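Structures given as C-alpha cells follow.
Consider the two complexes below, in which subunit A is the common component and subunit B and subunit C are the respective partners.
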Partner chain A sequence: MEAIERLYFRYFPEKLLGEVLTKRWSDNAVPVFATILTISFFLLQNPNFFTLSSLTETSRQLSEFSLIVVAMGIVLLAGGLDLSVGSVFALANITALICIHILGWPVWATVATTLAVGGLCGAVNGFLIGYLRIRAFLTTLVTLIIIRSIVDIILLRYAVEISAVFPESDLWFFIGDGLVFGIPFSFLVAIVVIALWHVILTRARAGWHINAVGGSRRSAYNAGLKVKFTVFTTYVWSSLLTALAGVFFAARLGSAGSDTGAGLEIAALTAAVLGGNSLGGGRGSVIKSVLGAIVVLILTDSMVRVGISGGISSMILGIVLLAVVAIDVRWLKNRHKLLNKVYVSPAYFRLSELPETGAGSGSPYAINDRLKDVSLIGQGEIEGPEDVIFDRNDNLYCPNRHGDIVRFLAPNYKQWEIFAHIGGHPLGMAFDAAENLNVCIGGMGLYQVSPDHTVRKLTDETNRTLLSVIDDSRLKLADDLDIAPDGRIFFSEATIRYDMHDWATDALESRGNGRLICFDPRDRSTKTILRNLQFPNGVCMAGDGQSFFFAETWGCRISRYWFDGPRKGACEVTIPNLPGYPDNINRASDSCFWVALVGMRSPALDLAMRMPSLRKRMAKRVARDQWLFPNINTGCVLKFRPNGEIVESYWDLGGKNHPMVTSMREHKGHLYLGGLYNDRIGRLRLPDADPNWTSQVAYWGANK
Partner chain B sequence: MSGSSRIRNIVDRFMGGRGEHSITVPVMDGALKPNNYLEQVAAVSSAEGADNLIRANGHTLLSSGNRVIELHGDGRTSVRNSYEAEITFLCTSPQAAIAVGLDGKGIAIAGGRHDGKRLPAKLSGQNLNCPTAAIFLDEDTLAVCNGSSTYLAPAWSRDLLSLGRSGSVLRLDLIQDKADLVRGGLGFPAGIAAAPGGKLVVAEAWKHRLLALAIDGGGIETVLPDLPAYPGRIISSQEGGYWLALFAVRSQLQEFVLRENRYRREMMANIDPEYWIAPALSSGRSFKEPLQAGSVIRLGIHKPWAPTRSYGLLLRLDDDFQPVWSAHSRADGNRHGITSCVETDGRLFVTSKGLGEVLAIDHLALTEPDDVVAQVGSAA
Partner chain C sequence: MIMESTPQSLTSSGTGKSAKMGSRIGLTQELIVFLLAIALFTYFSLTLDNFLSSANILNLIRNVAMLGMLSLGMAVVVIGRGVDLSLVAVMAVSLTFSIVLANQGYAFSAALVLGLALVIVVAIIMGFLIAYVEIPAIFATLAVSAIVYGLGRGVIATLDVNNVPDNLDWFLFLGRGSFLGIPIPIWLFAISALALYLFLRRTGFGRFIYAIGDNISTARITGIPVRPTIILQYVLSGVMAFLAGCVTAASVASMNMRMVNSTLIYDVLLVVILGGIGLSGGRGGVRNVLVGTVLIGLLLNGMTILDFSYTVQNLVKSTVLLCALIVDALLNPRDEQTSQQGDI
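And now, the complex of A and B:
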C-alpha cells in the first residue's frame, strides 16, 4: 500500500495540474479542445471541406466573422455587451455600397466614411452606456432595433439602384476578392488587426485598462482609471471593427439584402463566450475570440452543407450559447475551489527513526534546562526577530516583521532605533567585508543596507527553470544567506510555491520546493545552484573558502555544498536525521557550528509524511487552523562539528521564556537567540566560550 | 439500513463528506459559549489522577489510581481504602454502600448489606472488564456502564480510534450475582444517571450524545445529540437538573483521522498512545504530541481558542437534559479532563483528572452565574 502510494505521488503529475490551473491560459484549454474536435469531426465527415477553394472562401468569411467576434470580445472584456454588432454590420455594408455604387466615391473615401459611420454608432452606444450608465443589454438592444430600421429604410430607397450599378474599381475588387500570395486580402488584414489587438490587450496600457475595468470596475476607479472613458472606447472600437468587417462583406458580395447581419449578434456572442471570454468581464483574450469564431463558423457552415435548415441551425447555435454560458458561470465560480483542491500537492517522504531525546538518555539531543536562564532583550518591543547579528561596535541588529531592521545599541541593548525600513519580512542577515548588512527579505529578495542606512536591492530574480509551468524566476521566500570570502552571496529560497504567510502549507507538501541561489556582486548576476530542496533554510560558510553548510527544514537534515576547489559542485549530507526542523546555522567560537531547531518532530506527523494522500485529503477537508503541523512551539539549539557530530544541545523545557528559536549568534562569550514568532531576543552566557570572539573578525579579519 | 439511506450514505461519502461522513464539529455556542470559569474557581485539593467524586454518609470520597481518598473539610486528605487495580468509578447507594469499579477486575462492593462482595470481569456472559460508571437502582441492583468489551478503561483512546461500539449498559443483581444486558453495541458509555419515569440516561461518548433507556430494555431515545465534546459522568443536582462532565473535546482533525483507516491502524501499531492524534485528558507535556496549526504560540501567546487535544468542560443541564450553562478551561488553561463532580454542602466539587486537582464551584443554580467572564479575545 505504502509502495503504491509512493510511486503514485512520485510519478503522477498532480502538481503540474495544479500549476496549470493557476495560469490564465488554462481557461483556453476547453475552447482549444473544442476547436480541434470540431475541425477533425468535419474533416472526417466531409473531406471536401478542406479543399483550397473551400478554404479560401471560408477564410474570407472567417476574417469578417472573427473581426466581429474580436469586437464583441473587447466589449465583453470590459464587462459590457454589444448586441448591435449585427445591425452595425448591415449599416456598414449598406453605407459602403451607397458610397461606391451610387455616389461613385473613391475607395479610400468609401472606407473612411463607412468606418466613420460605424464609429458614430459605437460612440452613441458608448456614450449611453459609459457616461449615462444605462444598461448595456437594453442600450444595445435598442440600437440594434433602431439601426436595423435605418438600414431597412435605406434599403427600401436604394436597393434597386445598388444592384443596378457595378463599380469600376480594381482596388474595390481586390478588397473583396483579391489574393496576396494565395491568401485572401481580407484574411491578411484580419490577421494584422487581430495581432494588433492581441498586443494592445496584453501589452499596452489601453488594453490593461480594459482588463482592469472589466475585472473590477470599482477597483479600477479607485486606482484612478477613467472608467467611463474606457467603457466608451470599447463600444467605439467594437463598432469600428464591425464596420471594417462590413466593408469586406460589401466588397465581396456587393449585395444589399435585408437579411445581412441578421442574427449575427447571437453568433458572435456564442463564438466569444465559447472561446472562453467571460460574460462577467475581466477574463478574455483575442485568441479566445478567434478560436470561438473558428468553431462557430465551421459549425454553421457545416450545418448549411449538411442541409440543416436555417431555423434549426439557429436553434442549435442558441443551445450552444446557453450551454457555454452555463459552463462559463460554473467554471468561474468553481475554478478557485478546484485550484484549492489540486494545488497543494504533498510528496511521499519517509524519515528515519526519531532520535532519542529523553533526559538522561545520554543522547547528545537529551533534553535539558540550559536555556532557562536566558535574559531577554527588547521583550514586547519587537515582533518577529528571525535573525540577530552584530556589527564591529557590538550593536545588535534584528529584523522586525513590519519590514524594519532594528538596531539595539551596545552595551546594554536597552535603547533601540530603526536602522532601515525595507518592507517585506526581513529574515537572514550577514555583514560583508565592507560592513554592508545583506538581508534576505521574504517576498522581496536579497537587499543590502550600507552603514549610512542606504537600502539597495541586490537581486529579486534568478534564472527561470526550463519547462517550469509557474514562473519561478521571482524570489518568493529568500530565507538565509552567507557570504564567501570572494564576496559571492549564497542564499536559500525556502519555497517557490508559496508566499511568506503560507510557508506552513509547504510543510504539508514536504516536497523539494526550495533552492539555493548564488548572487555574484562582481557582475551582479544571480544563478540557481541547487534545486528541489526541502525548505532550505540556514546557510553558513564552512570556513574553508570552498564550501558551506545548509539546512533543509522539512528534510530534517544538514548538508554541505562545495562551490569551489577540487570538489566543486559536490553536495553531501552532513547530519541526516535530526530530531527536529533545522533553521539558521552560524559559526561558534570553537570552530564548531550552531544550528537552531525551529521545531521538533512528532511521531504522528512523521507518519503522515509517509501518507501524501492523507495530507492531501486533510488539506481539502480540514480547516487550515486544524491541520496537523510541525511542532514549532518547542525548539532547541545544537552545536555540531564540521564532520556532523553533535556536541551538545540547549533546551528550554517550559518554552515560557523563549518559545521559539529560529536563529542564534555567538558574540563575545554570549549566545543571542532570535525567533520568527517571538517578541523578544534571548541572551545566554556561554561560560566556556572565547569572550573576545566575534563572527565579524572570524569572517573578515580584525583590521578594519 | 434501508436501500435509499444506503445510497444516500454512499453519495454523502463521495460528495466530499456530507451527513455521517462530515468531519465538522458543532461549535460551542449558546449555553456552551466558552468562558474561563474553571480557571477562575478555587482548587480544594490535588491528587494525581483525581477521578471520581462521591458523597457517602457525609464524607466526600475521591478515587485516585487504585486508592479511595477521603477529602476532609479543611482540605486534608486521607486514604480510605486501596485496591489491586485502578479504580474506574465509584458510586454510592442511599444507605451508603459503595460500588467500586476495578479496571479489568469487575466490581467490588464496600459497606451496606453486600459488603465485601466481588463481581468478576465476566458475569453471566456479560463483560465487566471496563466499568466506567454506575448507579444503584436500589440496595440490591446496580446499573453499570461497561465502556468497551475489547479494551480496558485507561485505553479509552484506543477504543475511540478503533471506532469501538462494544460498550454496554448492564443491570446487576447483587443478590443472585447476575448480569442482564439493558443495551449493547454502544460507543463507550461513560456516564449514567436515573431519570424520571424509570429511565436511565446514558452518555454515549463516541457518539457525542445522551441516550434515555428504559431499565427493562425497552425503547431508546436520544435526549441530547451533537455535543462538541465527549460526554462522561452525569449526576443529578439537588437544585434541579443535572451536571455533565465532558472529559475531552472533539476536533475536526480528530474526526478526520477517525475516517482514515490506514493512518489510524499504523498510528496505533507504531506510535506510543500519548503521541497519538487522539483526545487526551491533558496535553502539552511533550513536544512529541501532535500539534495543530492554530496552536502555534505567537509573540509568546497561546491562543485560548486554539485547537487542542485536551479541554476542561462541565455542562449544567436542566430537567430535560438540555444545556443551560457551562464552565470551561480552554486551550491556554490546564484544568483539563473533567471527569466527575459531586455536590457537597452547597458547593460543587469537580475533578480535573488531567491536572490532578479538585476544584470547587459555589454556584449550583440552573441560572448562569454572574461571575462568568466570557473570554473571547484575551489570553490573560
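And now, the complex of A and C:
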C-alpha cells in the first residue's frame, strides 16, 4: 500500500493541476475545448464546410462578428454591457451606404463619417452609463430601440435609392471583397485591430484601467482612477469597433435590409460569455472573445445550412447563453474553493527513526534544563525577534514583526531604538565586511541596511525556472543568509508556493518547495543554485571559504554545499536525522556550529509524512487549526562539529522563557536566543566559551 | 424597518435627510405622473375627434388592462430587485399552447389549465436559475424569453396567429363582456390589482419580497427564505402574464406570437419605471402601477389616433423611457462606495 501511495504521489501531476488552476489563462480551457469540439463536429458532419471559397466567406463574416464580440468583451471587462451593438451595426451599415451610394463621397470620408456616427452612439451610451450611472442593461436596451427606430426611419426613405446605385470605387470594392495574398482584406484588418487590443488590454495603461474598474470598481475609484471616464471610453470603443464591422458589412453586401444586425447583440453576448468573459467584469481577454466568436459563428452558420428554422435556432442560442452564463457564474463563485481543494499537494516523505532524547540516555540530544536560567532582554517590548546579531560595538540587532530592525544598545541592552524600518518581517541577518547589515525579509526579498541607516534593496527576484507553471522568479519567503569571503550572499528561500504565514501548509506538503539562491554584489545578479529543498532555512559559512551548511526544516537534516573549490557544486548531508526541525545555524567559538531546533518531531506526524493521502484529506476537510502540525513549542539549541557530530544540547523544559528558539548567536561568552513568536531575547552565559570571541571578528578579521 | 417601505413610513422613521428628500421627490413623481395623465387625457379629449368615442375608449381600456396586468407582474419582480423580460413571450406562447390544444380536441378549460401549468413550470425553472444558480435576472429572463419563443414557433405551433375555437362565448366574454357597465378586462385588472395589493401589504411573503428587494443579504441573515421567495416572484409574474394573455386572446379571439418581437415588454418597463417603482428594488407598490398604466395607455392610444407610424411610436416611447431612466438616475444617484459590484 505504502509503495503505491509513494509512487502515486511522486508521479501523478496533482501539483501541476493545482498550479495551472491558479493561472488566469486556465479559464480559457473550456472555450478552447468548445472551439475544437465545434469545428471538428461540423468538419465530420460536412466536409465541404472547409473548402477555400467557403473559408474565405466565413472568414469575412468572422472578421465582422469577432470585431463586435471583441467590442462587447471590452465593455464586459469594465463591468458593463452593450446591447446596442446590433443597432449601431445597422446604423453604421446604412450610414456608409448613404455616404457612398447616394452622396457619392470618397471612401475615406465615408469610413470617417461612419466611424464618427458610431463613436457618437457610443458617447451617448457612455455618458448615460458612465457619468449618469444608469444601469447598462436598460440603457443600452433603450438605445438599441431608439437607434433601431432611427435606422428604420432612414431605411423607409432611402432603401430604394441605395439599391439603385452602384458605387464606382475600386477601393470600396477592395474593402468588401479584396484579397491580400489570398486572405480577405477585412480579415487582415480585424487581426490587426484584435492584436492591437490584446496589447492594449494586457500591456497598456488604458487597458489596465479597464481591468481595474471591472475587477473592483470601488477599489479603482478609491485608488484615484477616473472610473467614470474609463467606463465612458469602453462604450465609445465598443461602438467604434462595431461601426468598423458595419463598414466591412456595407462594403461586402451593399444591402440595406431591415433585419441587418437584428439579434446580433444576443449572439455577440453569447459569444463573449461563451469565450470566458465574465459578466460583471474583471475577467476577460481579446483571445476569449475571438474564441467565443468562432464557436457561435460556426454554430449559427451551420444551423442555417442544416435548415433549422429561426424559432428553433433562437431557442438553441438561448439555451447556449443560459448554459454558459450558468457555468460562468458557478465557476467564478466556486473557483477558489476548487483551488483550495487541489492546490495543496502533499508528498511522500519517510523519515528515519526518531533519535533518542530521553534524559539520562547518554544521547547528545538528551533533554536537560540548561536554558532555564537565561536572563531576558527586552521582555514584552519586542515582537518576533527571529534572529539576533551583534555589530563590532557589541550592539544587539533583532527584527520585529512590525517590519523594523531594533537595536539594543551595549552594554546592558536596556535601551533600544529602531535602527531601520523596512516593512515585511525581517528574518535572517548577517553583517558583511563593510559593516552593512544584510537582511532576508519574508515576502520582500534581500535588503541591506548600511551603518547610516540607509535601506537598500539588493534583490527581490531570481531567474525563473524553465517550464515552471507558477511564476517562481519573485522571492516569496527569503529566510536566512550568510556571506562568502568574496562578498557573495547565499540565502535560502523556504518555499516558492506559499507566503510566510502559510508555512504550516508547506509543512503539510513537505515537498521540496524551497531553494538556495546566490546574490553576487559584483554584477548584482541573482541566481538559483539549488532547488527542491524541504523548507531550507539556516545558512552558515563552513569557514573554509568554499562551502556552507544549510538546514532543511521539514527535512530534519543539515547539509553542506560547496560553492567553490575542487568540490564545487557538490551537496552532501552532514546530519541526516535530527530529532526536531532545524532553523538557523551560526558559528560557535570553538570552531563548532550552533543550530536551533524550532520544534521537535512527533511519531504521529512522522507517520503522517508517509501517508500523503491522509494529509490531503486533512487539508480538505479539517479546519486549519486542527491539522497535524509540526510542534513549535518545544525546542532546543544544539552544537555540532563540522563533521556532523552533535556535541551538546540546551533545552528549556518548562517552556517558560523560550518556548520557541529559531536562532541563537554566540557573542563574548554568552549565547543570545531569538524566536519568531517570542516577545523577548534570552541571554545565557557559556562558562567554557572564549569571553572575547565574536563572530564578526572571527569571520571578517579584527581590523575594520 | 425593512418591511416598511411606503414613502410615508420612510419619512416618518427619519432614516436621514437624503431618504426624506428622496421620498418627497418620489411622492411628487407619482403625483406628477398622475397629473400628466389627466392633462394628456384632457388634451386628447379636446383635440382628437375620435378619442372620446365609445369604440376608442373600449379599445383603450382593453389595451390598458392588458398592459396593466403585465405591469403588475413586472412590478412584483422589480420590487424584489429582479426584472422579467420573458413576460410577453410567456404570455403569447402559453395562450398559443392552450389554443392549439383546444383546436386538437381538448376541452378549452382543460387546455387553459395546461397553459397555466406551462407558465408555472417555466417560471419555476427561471426562478431556479435566478435564485439558486444565481444567473443575473436580466440574462435568465432574456434567454428564457428566447427559448420560450423558439419553443412556440418551432414546436408548439406552425402558424404565428392561432384562432380561438368557435362557440366559446364564455371565454370571449372575458375580453368583450361587461358587468355593471364596466368591461370585464377592467374588472379583471382591478381584481388582480387588489389581490396583489393585499398580497404585497398584508401577507408575509409580500413583505419578504420588499425585504429581499431592499437588501438581499440582510433578508437572508434575517432568516427569510430568500430563494423560494424569488421563485414565487417569477411564478406570480408568470400567472399575471397568463391572465393578460387570456384577456388579449379573448378580446380578439386569437393569439399572435409576433407580439414577442414588438416592443411591448418595454412598454411594461416604462409603466413600472414611470410609475415610480425604483429598479433598485424594495420601493413602490400597486398604486404606482395604476398611475403608470394610465399615463402610458393614454400616450399609446393618443399616438395611435394621431397616426404615428409604428417606428415613430417606438422612438417616442423609448425616448420617454430614456428620460425616465435619466430622471431616476438623477433622483436616486448611485454612490461609488455603496453600489454593488457587477450590478448591471
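Keep in mind that, in the parts below, the second predicted complex is superposed on the first by the 704 of 704 C-alpha atoms of A that agree within 3 Å, B and C clash if a C-alpha of one lies under 4 Å from a C-alpha of the other, contacts with A are read in each partner's own complex, and residues count from 1 in each chain.
Quick note on the criterion: a contact is a pair of C-beta atoms (placed from the backbone, for glycine too) under 8 Å apart; a residue touches a chain by one contact, two chains touch by 3 or more.
If you're wondering where the values come from, they're calculated on a predicted model, not measured in any experiment.
Engineer: Could you look at A:Ser602 and tell me whether it touches subunit B, subunit C, both or neither (first, second, both, neither)?
Structural biologist: Once the two structures are laid over each other on A, A:Ser602 reaches subunit B alone.
Engineer: For A:Ala623, using the defined touch cut-off, is the partner it touches subunit B, subunit C, both, or neither? Pick first, second, both or neither.
Structural biologist: first
Engineer: Kindly classify A:Ala326 by the partners it touches after superposition: subunit B alone (first), subunit C alone (second), both, or neither?
Structural biologist: After superposing on A, A:Ala326 lies in contact with subunit C but is clear of subunit B.
Engineer: If you stack the two complexes on chain A, which partner ends up touching A:Thr634: first (subunit B), second (subunit C), both, or neither?
Structural biologist: First partner only.
Engineer: Of the two partner chains, subunit B (first) and subunit C (second), which one does A:Leu132 touch, if any: first, second, both, or neither?
Structural biologist: Touch status of A:Leu132: second partner only.
Engineer: Which partner, once the models are overlaid, touches more of subunit A's residues, subunit C or subunit B?
Structural biologist: Counted on subunit A, the partner with more touching residues turns out to be C.
Engineer: Touch test for A:Leu16: subunit B only (first), subunit C only (second), both, or neither?
Structural biologist: Neither: A:Leu16 stays clear of subunit B and subunit C.
Engineer: According to the stated criteria, A:Gly318 is in contact with first (subunit B), second (subunit C), both, or neither; which is it?
Structural biologist: In the superposition, A:Gly318 contacts subunit C only.
Engineer: In the complex, go through subunit C and note every residue touching subunit A.
Structural biologist: Subunit C reaches subunit A through residues 129, 133-136, 138-140, 142-147, 149-155, 263, 266, 269, 279, 311-312, 314-315, 317-319, 321-322, 325-326, 328-330, 333-334, 336-337, 339, 341-344.
Engineer: Under the definition above, what is the set of subunit A residues touching subunit C in their complex?
Structural biologist: By the definition above, subunit A touches subunit C via 79-81, 128, 132-139, 141-143, 145-146, 148-150, 152-153, 156, 216-218, 221, 227, 266, 279-281, 309-319, 321-322, 325-326, 329-330, 333.
Engineer: So in the complex, the part of subunit B that touches subunit A is made up of which residues?
Structural biologist: Within the complex, subunit B touches subunit A at residues 16-17, 23, 251-253, 256, 260, 262-263, 266-267, 270-272, 275-277, 287-300, 306-307.
Engineer: Can you tell me which positions in subunit A touch subunit B when the two form their complex?
Structural biologist: Result: residues 1, 354, 383, 504, 599-605, 607-608, 611, 614, 617-618, 620-634, 655, 659-660, 677-680 of subunit A touch subunit B.
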